[in-house]
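You will see two complexes here that share subunit A, one where it goes with subunit B and one where it goes with subunit C.
So, the complex of A and B:
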């Protein structure tokens, strides 16, 4: 279990991370969302023990990042937003080096390297030089490096940046698979739709403050106190909008074209049905009635201001 | 009570076992060393380099031999002498090659990793700075030994021709590898402190020169104190004659008589070298451990212990009867003041602060003994003074144990002089840090000030007066306050005290300017904030 408690990082007057707290269980795939400079990487670097917190701490399976950093390091796999590959080193040598510094016994290293190469689909490149790999393959090699010691927590900082759509899809599938294997995966990304695909928990951070944290559905629902309904009419869109403003639970209604009305509605499904009944009984020619589905991007835009530090 | 004692004993054994395990991991099968070694020997680059090196060595050996032998035209005695000289030149040449090659091998070791961002990957694994630096050290050192072994055809020819014995060669190789170890440690320290590989190479060569020039001067002095440069085997000589890689063959067979025991100088030089390397690596460890203040405290406290041991070693091994050191009580002080110059090399790194370093620091006061070990600006002067103090203590104890002498008042005066000298450059570092925004610019400012104030005046003053720095007569040297290595006689003790007072006054002026600058910088909305990493 990863428990982050009031983690804070301050550079002089600048508060990079302001008391972030959250808790993740094995199997959680946590999407860490925020603009550039929001504090994602700083938080991840503090959890990976590469940066000392100004205040607060985090524990991974009981080991404290401040008091026992070496124990924490042996349980994490950290993949920064750069590759950090060595020149003139073969794929298996690269993995062997990291297996060695993660203290994987010499007798097991061969099997471990074969397994992670298989998992990341790089077996055929075992004897290739790392600089000869494509960007997507290098990214997978970095992930393989994170896995050589079978970590409990994976910290992936912008893992999909710079990848083509196919490589991105493969990476998504791989991360989802790791979550199913019982690992805690923390993924930071700007690309929100892709996070929603494989993350079961998300956190939104802005200017060092964690604005929202929880399961994706809950975050989306929690961020929207009203629903947006989209009505399509044969005609009289303006008249219907004016009519709806007097109805219960309608917060706002606006005709966006001759035949389309958007309604900000605070009621539930029953009350939506009532609204439709009223419109039809008043003779408005309704040909479409649907609720616009809110997504993570809406939530992000709604919660954040775009301000950076 | 017994249970507590038993638990403490158990705790000690556990810690010792853990330390032993870590040490074994660091020195045997170090992954960083293995990876570097694979890369070093990959491709035909290294083979080409080795081939070129061999060709140069053999070619130079043949030329020197041709010049020294002149078979048939000289007597057997002269020929024998020439062969000894031939051997000395070959070993000196090896020293020169190692001086050139070693910084190039290790200067980029850390900075390249930092530049390609792989350092973060390494330190996100359960790797200590010690493990990593030892790995880098081993990989560079192994290369050095490969160069030494490759030179065997040339050195073996000296043995075959009669210029040296195999034990001479082995001893010389041992001493040469010790020098390579020091140069590697210097380069690694530089590599942890700079941000670009080119800067690392330039500064490594500069730092190597800063070590070699005084070391070679000391060696030359030691040989003058005995009987010449090349044929010293089996005689008593000051151990510091072996501090230069260019005088290795001459010093290989010499000894120092300590407490009635003839200790080979290569043992004394070897021990000293290992202590210097340890201190340099501790400095490198502090630079690498920028994210971990607790580790910095641990490394700095360890470095105080090693500084004391190093000074004690020097005091123990400095045998007055073997040289022209004269009054040891004065010489010890002078030596300590001289060591302060070496300490000055640490000043830019220990004292400067700014915003562009790995560890971004803001001024948190000018002197705080509580901060002595945590690497923050307020602890810089206390740490430097602590180094001088433990050095003095170590030297005092070492001299007492080695020669049975008690260093007295003159020694104390020179301790004050050393402390004042270090304090002055601390104040200069603080001034440059207060004046400039970046820590790296501030460091360069301090180094430039050292060159202007310490290095450049020496040749100018030497040109102005025929009298040496140690002359008892009144010379132009007496105007020069910053002359820590001079004055190995009682005549200079009073002056050293006066100079110390002058240096302290200058320190006060620079420190006051620095504080004024810092106040102006922090006025308004920028009060002194907390120290942050």
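So, the complex of A and C:
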């Protein structure tokens, strides 16, 4: 279990991370979303014991990142937002180097390397030189490196940046796989759709503040006190909008075109059915009536102001 | 050194994989490593040439002369091979990845240092063979004590070179800066300062002797003169060459290594390497 409590980092006057707290369980794939400069990398580097927090701390399976960094390090796989690969080494040599640093017993190293290569689909590249790999492969090699010691927590900082769509899709599948293996996976990104479909938990950070945290569906619901209904009419969109404004639970109603009306509705589903009944009995030619699906993107745009430090 | 720290730094240090890595980096041949293969081929040729030359002129080459050459080669080779040991990791940004691994700073420095000593040890072993040939056949007189003193000076100075290069590499941002500072430091202490002292004091032997006391090449020359039976007419008594230098080199190496470990603390993250904002200043 990863427990982050009031983690804070300050550079002079600049508060890069302002008391972030959250808790993750094994199997959680956590999408850490925020625009550039929001504080994602700083948070991740503090958890990976590379940066000392100004205040607050985090514990991973009971080990404290400030008091016992060596114990934490042996349980995490950290993938920074750059590759940091060595040239002039072969793929297996690279993995062998990290396997020995992470104290994988010599007798098991061969098997471990074969396993992570298979998982990251790099088996055919085992004897290739690192610099000969494509960008997507190098990214997967970095991930393979993070996996040699079977860590409990994976910290992946913007893993999908700079990858082509295919490599991106492969990476997503791989990250989902890792969550199923019971690891805690933290994936940061400034591009929302990149995370939305394979994370089960999200956190939205802006200017160092964690604005929202929780399971994806809960976040999406929580941010909406009203639902948005979309009505399609044959005609009289404007008149129907004016009519609805006087009905109960209608917070706002606006015709967006000749035939479309958007309604901010605070009632429940019963009351939604009532609304439709009123409209029809009033003689409005309703041909479509549906709730707009709120998604993470809306929540993100709603919560953040777009301000970047 | 206590048993725990010995275990921590040596027997139980996962960074000893640096030895394997050094070996792979400098001594592996084959496709994809053509530069390496070329350099190794040239080195083998040079070595064979040296062996042939030594065999041919075995009676004319003074053993300590060969040790002098060996020390000169170490002086160039150690910075050339090791300048990137830490600065290079930082440059490639593999450093953060290493720092996030469960190894201590001391273990990293110890690993880098022991990896460097492997290269040095191989060089030393390669040179030992021709040196022993000249020792056996040299027609001049070579007493065993100055000979051993010369070998000890060469080896311990080599260790100091490794420690110095690693230290400067730990402090530098870029590996070529580490190389530059190392070579400049060596040039200054080994050549420029003695030269300057000699000029300023107008050949005052005592002053020069002081300026060069810890200069391995000066000490080696003194040992050659000693073993030839001649003695230095003035300046330091000849007996003081050998042990003091060795002790100084080893002690200074230890200081530099300890200092490197401390230096790594601020290489911990890139805070110091980011341009400072106006508000921070």
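Basically, the second predicted complex is superposed on the first by the 309 of 309 C-alpha atoms of A that agree within 3 Å, B and C clash if a C-alpha of one lies under 4 Å from a C-alpha of the other, contacts with A are read in each partner's own complex, and residues count from 1 in each chain.
Here is the rule we go by: contacts are C-beta pairs under 8 Å (C-beta built on N, C-alpha and C of every residue); 3 or more make two chains touch, one makes a residue touch a chain.
Not measured: the values here are computed from a predicted model.
Q: Based on the shared subunit A superposition, would you classify subunit B and subunit C as clashing or fitting together?
A: clash
Q: Output check: A:74 vs subunit B and subunit C. Expected answer is one of first, second, both, neither. What do you get?
A: It touches subunit B and subunit C both.
Q: Using the superposition on chain A described above, determine whether A:54 touches subunit B (first), subunit C (second), both, or neither.
A: Once the two structures are laid over each other on A, A:54 reaches subunit B alone.
Q: Applying the document's definition of touch, where does A:303 land relative to subunit B and subunit C: first, second, both, or neither?
A: Neither subunit B nor subunit C is touched by A:303.
Q: Looking at the overlay, what does A:260 touch: subunit B (first), subunit C (second), both, or neither?
A: In the superposition, A:260 contacts neither subunit B nor subunit C.
Q: Tell me the contact category for A:98 with respect to subunit B and subunit C: first, second, both or neither.
A: both
Q: Flag for me the stretch of subunit B that overlaps subunit C after superposition; candidates: 63-71, 189-197 or 387-395.
A: Residues of subunit B that clash with subunit C lie in 189-197.
Q: Name the residues of subunit A shared by its contacts with subunit B and its contacts with subunit C.
A: Comparing the two interfaces on subunit A, one with subunit B and one with subunit C, the shared residues are 11-13, 48-51, 70-71, 73-74, 76, 78, 80, 82-89, 93, 97-98, 100-103, 145.
Q: Please give the residue numbers of subunit A that touch subunit B in the complex, ascending.
A: Going through subunit A, the ones touching subunit B are 10-13, 48-52, 54, 69-71, 73-74, 76, 78, 80, 82-89, 93, 97-98, 100-103, 106, 145.
Q: Could you pull out which subunit C residues touch subunit A in their complex?
A: 14-15, 17, 20-21, 24-25, 32-33, 36, 92-104, 268-269, 271, 277, 279-280
Q: Note which residues of subunit A are touching subunit C in the complex, please.
A: 11-14, 45, 48-51, 70-71, 73-74, 76, 78, 80, 82-89, 93, 97-98, 100-103, 129, 132, 145
Q: Mind listing the subunit B positions that touch subunit A in their complex?
A: Residue positions touching the partner: 25, 29, 31-32, 34-35, 38-39, 42-43, 116-128, 131, 291-293, 360, 362, 526, 529-530, 532-533.
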